[in-house]
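In what comes next, chain A is part of two complexes: it sits with chain B in the first one and with chain C in the second one.
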Partner chain A sequence: MMQSVEEAVLDIRDLNVRFQTNDGIVQAVRGVDVQVAAGECLGVVGESGSGKSQTFLAAMGLLANNATVSGRVEFLGQNLLELSVRELNAIRGRRISMIFQDPLTALTPHLRIGAQMQEVLQTHQRMSDRDARQRCLQWLENVRIPEAAHRLSQYPHELSGGMRQRVMIAMAMLCEPQLLIADEPTTALDVTIQAEILDLMDQLRRDHGTAVILITHDMGVVARMCDRVQVMRHGEYVEQGSCEQVFYSAQHEYTKMLLDAVPRIQVSVDEAQEPMPVDEAQGPMPVDETQESMPVDETQEPSEPDASRQGDTSSLPQSDATALSDRATGSSFDAQSGSASDTILRVRDLRVTFPVHTGWFARKRDLRAVDGIGFDLAAGETLGIVGESGSGKSTLARAILQLIQPTSGQVNWRGQELTDLGRQDLQKFRQDAQIVFQDPLASLDPSMTVGDSMAEPLKVFEPGLDRQARTRRVAGMMERVGLPYTLINRYPHELSGGQNQRVGIARAMMSRPRLLICDEAVSALDVSIQAQILELLKDLQQEFGLSLIFISHDLSVVWEISSRILVMYLGSVVELASRDDLFARPQHPYTRQLVSAVPVPDPVLERARHRIKLQGELASPMEAGARLRFLPSRRAQLPIDYVPILSERFPNHFVAEHDPLESLTRSQNKPAHKCSQ
Partner chain B sequence: MIFRKAKLAILESAMEGAAEPVPGRSLFQDAVARLIRNKAAVVSVVMLFLLIVFAIAGPWFIPYNYEDPDWAAFRAPPSLENGHWFGTDQNGRDLLARTLFGTRVSLLVALIATVVSVVIGVSYGAIAGYVGGRVDQAMMRFVDIMYALPYILFVILLMVIFGRNVFLLFAAIGALEWLTMARIVRGQTLSIKQREYIEAARASGLGTTAIIFRHIVPNLVGSVVIYATLTIPEIVVVESFLSYLGFGIQEPLTSLGTLIAEGADVLEVLPWLLWFPAAFLVVLLLSLLFIGDGLRDAFDARDR
Partner chain C sequence: MFNYAFRRLLSTIPVLWIAITACFFVLRLAPGGPFDGERPLPEAIKQNLAAHYNLDKSLFEQYIIYLGNLLQGDLGPSFINQDFTVAEQLLVGLPYTLIIGGMAFFLSIVLGITAGILGSVYRNGIPDYLIGTVILIGLVLPNFLVAPILQLFFGLKLEWLPVGGWGGGALSHIVLPVVVLALPHIARISRLTRGAMIEVMHSNFIRTARSKGLGGGSIVWRHALKPTLTPVVSYLGPAASYLLTGSLVVETIFGLPGIGRYFINAALNRDYGMVLGTVVFYMILIVVLNLIVDILYAWLDPRVRSR
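Take a look at the complex of A and B:
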């Protein structure tokens, strides 16, 4: 469904962008055509470096000085490339506006929200202060910001990430532009907030007939939002067509690869195997069964090899007595996944608190980043840890590795308490437990070659090795993780993100650890690279019998690799279950919200899904009573810092106390609009 | 699975070209390459190099010595005929020889004092920054106290206690200059400490000393080099100032500062005694400053 040129709001023809760099000319965009009609949502998909952002920055005249642009960019009949800066300024912000990825850096930190918003109106429409304020207020309400009038006098840092992105959208929409360019608008946000922002953009598009160009790498977001899709690679469009065409009958190899690389959550809800609840008396039971449908995707193989591994956990090692005694002491629970013999890591009631100064004269308060967490990890098992930003996932990882001193609680490594280990024994533990970080470039020393970085653990743990032996070991590990040996003398900044992450994994694997903690290890990578790294981790796990703790905010990635999943909220566990249990029968409202917010890369399923929306935003751990968000009915009786207690609702399926879902939802959302055929 | 294939393809291509590892380009080498593209910096490097060669080798080719008077020429103006190209002073000493010797001394002071300040400042700052907490507090308060002492007073005290000694002067200047270096290095260390590769190093069991000297100090090179090149001119000026006041180098030894001080006294009658040493000093300082500026641009490139 190509739009004819007359209808198009934006019509880009044969756009070329070249950059003059120190290493010669880089052609970022090669002869690209784009048309968008009013009220249409065009998705531009591609991996990093594909030139998807550069196309539209060029069209807006926002490129760096070393760029040359050729071609034609027609916006409502005007060629934007020929306009002077002044004429462009009259269009930018008024008729075309942009939303950027990072809402923190896109707002000026020293100006109040109101002042920044009014500036746009006063520049473009010469409005009086009062009218401008009125309009700003109205738009803040349109983007559903609570207490809008109060927000106008706040500074950007006082708002949460999701709130800031809403302010950005409100600002972009103030002059009711004909075209909205959104460059990865939700990439920096948590899934639940992403879902809300996307709904909001969709609503605005339908209400105001704004054409939307959505630049993203996330196929799930595209499936949800877009009418048409263009897939970009190396500065060219390799495929374009309607959403359905691209998703269901992709022609180009690259598109197929992209779609194939996206982890898809597939759960078969088998009602016959519904287990009996463990203890009827415990806590308020959920009445409704899982009616929010996780899409069942038949296009893929039914099961992954390690999906079945969790099937035989029929034993019920947890006795009610221990559960009750744990409840009585108010501490955390005791969860075991396998027999006690192959449990290598046992975490009990782990707490990490940081003192925080809240004001000049205010007393120090404790930020409870990790608040009484306990779990067991068996040898060769993968535990996924999911939670939104600020839930304490990374702190937990560092506390387990003793990189941060836990405030209290026990970490037991193969029968040894880590918290009271001496230096020597800790060194042995460090050999056994390693970590892979999120940002592959930042986790490597920029002044060392990657070969030296990988050899470093050997210097510590096997000081007897000579240089040649070390190089041999490094070369062996490089081959194992799929790095060409030729890269051994390179520096991190010369490698791609995926290669650097392989180096990071190789370094962690050098000491042959038994436990590898991956802290958002694939979050900074493109989907295709992400899939490769996940596969590498699985391979390594099989070969070396590794146990993995895989931390991510991305549920679909965690689904792909984990056998059990632990859901964290504000430093404590709200749900812990095997992967399939968790997705087939999510119990806790928070888990259900998370699961329902993950975009699915399938337009028909995605648009037919129900989304669960809970009241309020993700609370800050500093906020009093934030932990009672899912227990509003008992807020009056319980102490303000009460941590809801975890109990075993089904065998090996632990859920924290909560009110029934119905009392927590804001309003059941109608299914999003149907695909325009 | 297509990724297995992709992985195999990577491996195969690696095997084909596996003969020789490609040497990498470090960030430092990148910075040097950027510096070479900076014309002002390159010209300054050449000037500085010439000046150094001149100061070291020059005296061998001059028939005069910096301390022995030429009894035939007192207060001679610069001229090519009598061989005193820069003229002579009131005592008949050749000014060219004295200027070259003075340049040597000034450069030597700068070199020694800079090395002292870099070694002390970097270790001190990196340790304070990395260890943090009370240690950091105590160490930085000591720096603050040292800052509060007027350095002239400090130098005078040293002179009184230990007597006049050129090397003591070098040490004294270096021991003052490290304060700023320590502060800069500590700040940098605090930000590097947050980086994940430091955490990775801790996770792989490295001790504190190893982390500081293997992972933190090498990554400070950029800021240290920049600051050191900007310290050198400062030290040259401080030395000139101290010598001018009479605390520095003493007769018959000389430095650029001493020469300028003497020249300034007789500016009206023997102007060349001021102009030539002053010109040397200006060229030296300008070159160093341009190099420092060039280094800053080269190391601060945003694509790090």
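Take a look at the complex of A and C:
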């Protein structure tokens, strides 16, 4: 039925997994078949609870004791299910390796990287310490980890997420296994890191002929990596076939739904028409026609205006730098929004710094989480805020809502300075501005019923209401957000993730706010649920005239919902433009890298396009000179903590100073942000 | 690592000071004094005594004098046993208390952790149930009940062990008090270990270790043991102070010449110097033990060191 079974490395037949739980027997996997050939990449796709991970944990004998597994799992002629633990251990880690989702919890916290890697070699190949160390070093270098020798003596928590996942991959590859099972290997990582890890896995597969099983929920990742795809739902395959078959002629309704639910960034040609740059003296920007369509290619960089504009600003005295930045954002925004009454939220030069201890006797240093951000938000508008982990997105949201005290700067809400408000007035503001958090389960009180959680804002903001009136309002809002009324007395842990997020949104909407901030509100949800929640947010916005600030690391989600997008890097704005402008003409190298790192859920397009790769990983805000990562040419003249200045390159399209993209991608061997000082 | 320990050490100084101050003043709040006997002393003698022990000075002055002496390592004189200083008396009783307490401490850790690991490895199996039952007995029976029962059984019925006395430190004399003292702590430590181990064995990094093909022993010893010990270690500080207070009772029941006896007598007699001295000594011991616990923490979890 499938590829020739003779050459299959792994051949799973009729696999069933049952769990004995307190609620009775749960059948997680029902009669699944899997075949993978050497050097092949099989994608296993499905939403949470589809049994995609359980299938392979069962095959590897890694399930908990309450699981019963039946069927056949043939690995190079041996049925893994019949092996003793000792025999299985000779295969696990040597001939079949696994990589898991969360690289922080998947590594033993108290063992050094070197110890964790070496024990694999010492267990399977009885290597001496020296040989094992040598091999580990070599593999750390193969997965492109800088300062590999130093990493061996570090603990997992001392590495970044991307580094940790590379260590996981290196560890899995140590014995050069025939099969690598990767369970959501990039889900916990930022898009740019994800792109690098996927490239790395692809290269390892080519170089070593390792068969790869990639378990994921992300159709974009599948499009990039996989030869064949199997789509799972409720423990069964609903569809399988070559990558092209599944993407271009999906048969099953569920597959079609899954593909439809993925937000796709599309830039239409007429929206992308080239406007005049703001600085007329320079004449029209020399931009290629091809840049109007996704995907972006790194060859299309309008570098001349960059250089000349940098000339402009660098000739200014340094002390005027921030003043200029204020003027640039401030004045042009006033011009943009037309009537001032339109603007409900005005943020100016907002800063939040946290003192950080770097050593026991070292002086406290300031971590500038939000570093001089300014923007305006109009009534009914949606502003998307994009940035990678550590860019200060959530801190910004909290500072706007006065949930944490901004260090300096202004937040002006409908003409009132929030930082000046007393307790009473602030409470009034809280009624107007609400927030929805990422983890729907953790952000609801576990000891309160859904109904009580939703009624609580009413008790605070409308104390006059009696119990019945509150219940009526709660019922009304539940209906509005698509929650069945029967759930009103349930507790959060009894609800699904999607239902809980609806509760979170309903709770936020109870006080009829004018501004709703969604902080990664759909990031923890399956794509189909994610699409529904985005739809709900759009409906609510229409109905109540809400302004939305939508924070996410996921560009395609932000694209789906936003009218304007602000791109953050290390606490400051690198680019701010309307959605279509930003995707049609991303200007800043960081934005361009981000945009190009998003996997496109279309195998032909995805494999054909080039990705922009800048040097270095996302730097930490504590790192000296990290903010100059995109300005290496002026590192010598500028102070180490200089924040590049925003200027309006096209009408309403603001870009921070930067070097041309070419200069940032060229010198591959030296990470740009490391050679400061 | 050194910095970490040093900082912890510095932070214990204010703790000690507050505790000593509180003890000093609370003790004086209690009615009566060291020289209030059945028969009142002549006024002149009383005054002489008061002058000798600085009791005629204001309370605050006495406090300053006490602190000053303490800083020089002088715990002061005993108010009742006037031939000895507090330090001398403590030194007489100390070895007995430390030997009994230390052995009980060691026994609790070794047996508790072993029993806990066995219980979690054979979870819901026969060893788990057996251990669980013994532990339950250790937890619910107070030591003043367990001690006489063991004395009756091993001492009088089987005649294997003596029922009391120091006996020159012979092992046979020490076994019973140590076991009585350790029993509740063996129970608590093994319950903590079992629970923590079960939780750790379900964590992601254990799954990774299993997927690497490591054997069961290597997974338990290398990967699971240290995180398992974290809650156990945090119990060791309180355990040490329970052992010390428990030793008061156990020393009395088994007729051992430890400092527990001095402490009780001193409190009854309002021997300010002796009570304060014992308290200060206990406090220093407990603070030091807690410090060791904190350092152990850092050893167990590298993330604590950089915090």
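Things to note:
In the analysis below, the second predicted complex is superposed on the first by the 601 of 677 C-alpha atoms of A that agree within 3 Å, B and C clash if a C-alpha of one lies under 4 Å from a C-alpha of the other, contacts with A are read in each partner's own complex, and residues count from 1 in each chain.
Note that in this section contacts are C-beta pairs under 8 Å (C-beta built on N, C-alpha and C of every residue); 3 or more make two chains touch, one makes a residue touch a chain.
All figures in this text were calculated on a predicted structure; none of them were measured in a lab.
In the superposed model, A:A608 makes contact with neither chain B nor chain C.
After superposition on the shared chain, chain A has more residues touched by B, the comparison being chain B against chain C.
In the superposed model, A:M171 makes contact with chain C only, not with chain B.
In the superposition on chain A, contact of A:L465 is made with neither chain B nor chain C.
After overlaying the two complexes on the shared chain, residue contacts for A:D102 are found with chain C alone; chain B is out of touch. In the superposition on chain A, A:E456 contacts chain B only, with no contact to chain C. In the superposition on chain A, A:L83 makes contact with neither chain B nor chain C. Judged by the touch definition given at the top, the superposed model places A:Y485 against chain B, while chain C stays out of reach. In the complex of the two chains, the chain A residues touching chain C come out as 57, 60, 62, 64, 85-86, 88-94, 97-98, 100, 102, 105-111, 119-120, 123-124, 155, 157-158, 168, 171, 359-361. Listing the residues of chain C that touch chain A in their complex gives 3-4, 7, 202-205, 207-216, 218, 222-223, 226-227, 300-303, 306. Residues of chain B that touch chain A in their complex: 1-4, 6-7, 10-11, 13-14, 17-18, 20-28, 195-197, 199-206, 214-215, 218-219, 221, 303-304. Remark: chain A residues 257, 260-261, 398, 401, 403, 426-427, 430-431, 433-435, 437-439, 442-451, 453, 456-457, 460-461, 479, 482-491, 493-494, 504, 507-508, 510-511, 528, 531-532, 535-536 touch chain B in the complex.
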